Amino acid sequence: MTLLKVENLTKRFGGLVANDDVSMYVERGEIVGLIGPNGAGKSTFFSTVSGYYRPDGGKVYFDGEDITGLPTEKVCLRGMTRTFQIVKPFSDMTVLENVMVGAFARSARVSEVRDRALEVLEFVGLADRRDFPAAGLTIANKKRLELARALATEPKLLMLDEVMAGLTPRETQEAVELIHRIHERGITLFIVEHVMEVIMPISDRVYVLDGGRKIAEGPPQEIAENEEVIKAYLGERYHAARG
Amino acid sequence: MAAVNTVEILVQTAVSGLLWGFIFALISVGLTVIFGVMDIVNFAHGDFLMVSMYGAFVLYSFWGLDPLLSLPLVVAFMFGVGVLTYRLLISRVLDAPMLAQIFATFGLLVFLRGAAHLIFHADYQSIKNPILSGSFELFGVTMSVPQVVAAVGAMVITGLVYWFIMKTETGWALQAVAEDKEAASLMGIDSEWMYSLAWGLGSACVAIAGVLLSNFYYIFPEVGVMFGLIAYVAVALGGFGSVTGALVAGVIIGVAEVLGGFLIGPEYKYVIVFLIYLAVVVLRPKGLMGKA
Amino acid sequence: MLHEVEVLRRFAPPRLGRFVVPALLLLLILFPFVVNAAFYVHLMILVFLFAYLGQAWNILGGYTGQVSLGHAVFLGLGAYTSTLLFEWYGVSPWIGMIAGGLVAMAFGLIIGLPTFRLQGHYFAIATIAVGESVLALFNSWDLVGGASGIYRTIVPESWWAMQFHSSKDPYYFIALGLVVTIFTVTRLIERSRLGYYFRAIKEDPDAAKSLGIDTTRYKLYSMMISAFFTGLAGTLYVQYLLFIDPEMVFLLMLSIQICLVPVLGGVGTLWGPAVGAAILIPISEFTRGYLGGSAAGLDLVVYGALIMLVAAYKPAGIMGLLRKAS
């Protein structure tokens, strides 16, 4: 059954078309990857789908209902939560309080929310940091906190924007394991990742964006051999080498 | 006969509103330059105007220097005040939460207003017999010389600021810093210097307006309140950071305020300005010429 | 890993504890019986009033991060409402107090509804504009006394009329009651979903939205609470002075004092406004006594310098210093 269905989504910033007529879907229980070179429009796509931006065209259906143009907070309450590529911790609040803010989406009872938040912290491995201010965490732990907070809202669909960027190989490995454990809990995952090597092994299907357009979709092995995808990424390396 | 009179008065009022509008525009340009470059609202902007007016007043009363002659002195002084404000105060709150940013310049407002009370007391002062005085008649409309000169001066300066930002190399550097500080620094632009310049420039604009205003307007510690408020509204209406927007908005507000004050009553001036602000915020929060 | 643990300082807010608060409260209740000097009772009433107003501001400005630079408007509206209800219809100030709070709250909605969808400075500018507009309107509104204000009709002292002439003590206890109320309310908010949401909105509105918080709605809640309680105090203010005019309640000066109290003490902390008022009010009263009217403006100069210093160097205020030390 389809959990998320995006039809012909377009998002412009002034003259720049950041998402151009993009269609995607996510089945319940899947892990779907979204890749593409820098500036391809991945984050914009997440922001528009989750209601942070209003689309300039197209439709978004979630859980069988049209949620196009619904504000982020309402989308979250319906069961779709996203994380931010540039982490946004509530810096002056403790780790536990950060996660409690997420858990309050489902209950107003403080004791219940606290228990739920502690459980999530245990799950992601931040329990020993719970009384520290979020501002002092390492970048890896900030990303984990971002994830924990989103998880505490009890989403059906969790959209992760580059939660593994900038991590050491070991931290990346831990993050991959965490993603698997989240998936085992029955949460559907939609993951933006810049580095192909990380996302390919864990995804059921992969979409590729380049210059705001969808240029490929399919199982990871197919994508890895796709001419256009290779060209898009090679192009990036070519530019990077010159720039 | 009465009808003719009303029309005449209306035209007279509209012209007066227009003249005021250009002065509002210049004050607003000063505010919008600072905001455009660094995303910080200077809540003490109206009080910079007040300080400039007292500057002209002091130079006049102690050394008999006419505002026309003291203009460069006051402008240079206020440029320095702007730069110092950035260096000593604003640079410390650049990355601070909005709360600290608002309080930094609000504290400056309180400080300057208190200092004016302390030094000059609450009395209304004015510069008597400046070179620019008197009035003349054009197409049956009476206009005061200093007010016309102020309006023309404001127009010219606004044009110069626009030219400076759009057409000179330094102006481009300012825009680059406003766009993306990191990218600009990669291109070798010193953002500290650009921020200082923005504060100096913004304060110099308001200083010119203040000195020209001192030719024909009362000087008192709270004189900046109304002008500051109008500048915030004009900047919001024109679009935060847009020089041309500030110009157009200043003129619109000038006409609306003077006409409205005439038709409804002067005590509603603030209310009119506030209602314009609310309308902008609700209908077009990006302003007339704001970028997305 | 260990390194990180070492670097992080533990969050240890100074615990005023189970005993300190009741003991303090007891001392404050006994104070007017022990200290008979009217001046000190007067001083305490002012400290209470500003701790109260500072806390009401703090709910909106400190916890939720929406800086109001015209909070005196709410106080003034509350004061005028209960005054007019009493003078025109003989309504008890106790009822006028609630009515005044509601009027202030409604007014808060008018400012908040359009501006809260946008960034913080839109709201701050609106609060300045509102302050000036209301001052100008009341100054020329003859029905409510215009610029010359309203002298309250003096009636024999009674709790019903909230007028006391033989002693200031009843005012002292009303003020104390208000302080206890607002600190309790703030404590309750702090520990509820409301408080968590307020702080989340202040820290990062985008992240807050992504976690299901309707930021505009919660800012409005915060505004309504803050404005309502600020409006309540208007009644005490006018009953205590038995006179009201626009300059007294709508001048920027009062708004400055209201926000300076928590800014100095520590914004967004429960005890910040209490500490701020306890320091600021005595200093300003004593210096006013010494300097008289000769140095009008000096207080503004000092306040302005304090606000700038705190903003640029110690945004956490005195409570921030205490927290560091403990």
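Chains: A, B and C, in written order; residue numbering restarts at 1 for each.
Basically, contacts are C-beta pairs under 8 Å (C-beta built on N, C-alpha and C of every residue); 3 or more make two chains touch, one makes a residue touch a chain.
Nothing here was measured: the structure is a model prediction, and the numbers come from that model.
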{"item": "Pair of chains joined by the greatest number of C-beta pairs in contact", "value": "B-C"}
{"item": "Centre-most chain, if every chain is reduced to its averaged C-alpha atoms", "value": "C"}
{"item": "Separation of mean Cα positions, chain B and chain A [Å, integer]", "value": "46"}
{"item": "Separation of chain B from chain C, taking each centre as the mean of its C-alpha atoms, in whole Å", "value": "32"}
{"item": "Residue numbers on chain A that touch chain C, as the complex places them", "value": "50, 52, 71-74, 76-77, 81-84, 88-94, 97, 100-102, 104-105, 108, 110, 113, 128-129, 131-133, 136-138, 141, 149-150, 153"}
{"item": "For the chain C and chain B complex, residues of the former touching the latter", "value": "61, 65, 67, 69, 114-115, 117-122, 124-126, 128-130, 132-133, 135-137, 139-140, 202, 252, 256, 263, 267, 295-313, 315"}
{"item": "Touch list for chain C against partner chain A, complex", "value": "4-5, 7-11, 191-193, 196-197, 199-200, 203-204, 206-215, 268"}
{"item": "In the complex with chain C, residue positions of chain B that touch it", "value": "41, 43, 89, 92-93, 96-104, 106-119, 121-122, 221, 225-226, 229, 232-233, 236, 265, 267-271, 273-274, 277-278, 281-282, 285"}
